[in-house]
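Note that chain A is present in both complexes that follow, paired respectively with chain B and with chain C.
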Partner chain A sequence: MKIIKYLSSLIITLVIISGIAPPIVEFPMHWYQYPIIPGLEDKFRNIFFHVPTAWVSTIAFLVSTYYSFKYLTSKNDLYDIKAESSASIGLLFSLLATVTGALWAKFNWGSFWNWDPRQVSIVFLLIIYFAYFLLRSSIKNEISKNNISAVYNIIAGISSIFFTFILPRMLTGLHPGAKGGKDLGPILGGSISGNIMVTFFVSLLGFTLFYLWLLNLRTRTGILMKELKYD
Partner chain B sequence: MIDFLEQNQLFIVLTLVLLIWFGILIYLRTIENKIVKLEQALKKQKGNN
Partner chain C sequence: MKSFFTLLYKDLLCEFRTKHAIYSLLVFVLTTVLVLLFSILDKDFSVELISSLFWIVSFFSTMTGLSRSFVLEEEKHTIMFLRLQSSVTNIYLSKLFYTIIGSLIINISITIAFSLFLSGFIIYNYTLFALTILIGSIALSSAATILSAIISRAEFKGLLFPLLSFPIMLPILITSVQLTNITLTNFTFENELNYLQFQLSYSTVLITSSLMFVKYIFEE
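Moving on, here comes the complex of A and B:
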């Protein structure tokens, strides 16, 4: 875990520097210069932060679903703690993705909120996972709480797949990859330069490692709270 | 002063984001230290019992 901790801290620090500092020029002559992306210009820098936060929230929700399933099959309390921990990190990163996305939308599409299918679907996800925590806090009996919230979390995980990967592609919208849109976006469309691509994938790696560190911390806190009977 | 801020916008943003990031790292490190102390205390307590 020490390696993951130091590596994620180092990688995200480097991503912040290499995402914000390099100049954007029309004809890049050096590796540290980024080319102009038509329609995005300086605003494209947000891609190094907005997409990884959304990526981490998706991973966290799926991992949480996996641990809920493991809990139901084994009845081991550790899996319930891990499921709750991962869901809480997923919720945090969903909020971050919503904020970074709204800021990007303001400067690219004209307003913070545009009722784009992907914006609406993340709100549904936020409501679903807020309800998960409300459900957990409303049941006093430990075993009932763990069982019911695990079942709910599996249904929430399946709906998160629908809201993340299926719904935004079924409807027309402003995000790349929406129905009827030919633009796959700068990453999937493969229209961006190598140095942007490297920074982007390094950012995904750094944020994923950061999620693992947070999951470790949150799980250890959950175990301590359980052992000390602190609620 | 305004000229300096206008000419170095990116570096001001970079400095602020780095400050926030280092703040988050220090906060997480403090939490981790507290968790380790609690884990050790609990282990010791279990050993005594």
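Moving on, here comes the complex of A and C:
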């Protein structure tokens, strides 16, 4: 885990530098120059931070659902701790995705909040997982707390799939990938230069490693808190 | 299967004898519609507003009345006897069908109240409207039943239920509002089937996972 910790911090540092520092020119001649994306210009640098946080939050919620399923089938307390840790990290990262997205929306769409389907759906994801932690704290009996929160987490995971992948594509909106939109955004549309692509995927890797380290850290503290009966 | 029908019959009989839930729900629906009418008097509502009001009333009455299916059993300490008599799956299924029946009654009564009192509420596409009501009721009930089972074991039930159910039911509400919009306007749209498919798949996944996992809720 030490390697992952250092590797992720190294990669994220590199991504911050290579996301912010390189100049944007019309016809890139050197490896350190980014081309202009029409309509985005300097604002596209947010891709390296907004998309990975949203990606990590989705992964974290799915992993949390998976561990809840594992808990129900095996009744091993470790999986419950892992499910809770992963959900809390997912909550943190979806908050970050909301903030970076709102900043981007301010400069591209005109205001911080536009009631775009994806903005609405991430708010409801936040509410779902806030409710998960509220539910956990409102059941006294240890075993039924673990069972019930695992069942709720599976239901929440199912509706989070509908919220992230299906609903925003069915409704019209401003975000890339909405109904009636021409493309899937600059990255998934494939119309982007090589060096942006490299930075983007390295950023995804770095944030994923960061998530793995955070999950490990939260799980270890969770085990210690359980041993100390610190609740 | 026999015990499922027995349980459903028991729920309906209890309701038929006391009529607590159905009367309070009907009064709730009527009160909401009357408050709306008093506040707007003779102004015209847009179609979008009417359809969202329809589903807001439906959501809150489903939540206040029918969410109590499992909670009532827990409060009366009768859930133990039910579990002695039959499996948790059967209890869940009977509660689900009870909720679906109740939700249909609520939605039909809202439709009657709206068409009596709101002049802008004119249905053009009757088949689609009936389908919307039917599938919307099934979808809302599939979410409400499992959440009611979860809530029945927790504390602060009154606070927790709206918080848990609103985000889970929101995809259903959004698509139902869109579908009602389509039925209330005279235009033809091509994507109404998408919304119906969405609701059907959402409720299918919810019911399947509830059937799989509901037994863990009552495990101690």
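The rule is simple: the second predicted complex is superposed on the first by the 231 of 231 C-alpha atoms of A that agree within 3 Å, B and C clash if a C-alpha of one lies under 4 Å from a C-alpha of the other, contacts with A are read in each partner's own complex, and residues count from 1 in each chain.
By our rule, contacts are C-beta pairs under 8 Å (C-beta built on N, C-alpha and C of every residue); 3 or more make two chains touch, one makes a residue touch a chain.
Computed from a prediction, not measured in an experiment: that's the story for all the values here.
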| item | value |
| --- | --- |
| Partner chain(s) touched by A:T221 [first = chain B, second = chain C, both, neither] | first |
| Which of chain B and chain C A:L92 touches, first, second, both or neither | neither |
| First, second, both or neither for A:M170, with chain B first and chain C second | second |
| Chain B versus chain C as contact partner of A:I16, first or second or both or neither | first |
| More chain A residues in contact - chain B or chain C | C |
| Partner chain(s) touched by A:L103 [first = chain B, second = chain C, both, neither] | neither |
| Partner chain in contact with A:Y152 - chain B first, chain C second, else both or neither | second |
| Partner chain C, residues of chain A touching it in the complex | 72, 124-125, 127-128, 130-131, 134-135, 138-141, 143-144, 147-148, 150-152, 154-156, 158-159, 162-163, 166-167, 170-171 |
| Chain A contact footprint on chain B (complex, rising order) | 10-11, 13-14, 17-18, 21, 25, 28, 31-32, 35, 38-39, 42 |
| Footprint of chain B on chain A - complex, ascending | 9, 12-13, 16-17, 20-21, 213-214, 217, 220-221, 224, 227-228 |
| Residues of chain C touching chain A in the complex | 146-147, 150, 153-156, 160, 163-164, 166-168, 170-171, 174-175, 178, 191, 194-195, 198, 202, 205-206, 209-210, 213-214, 216-217, 219-220 |
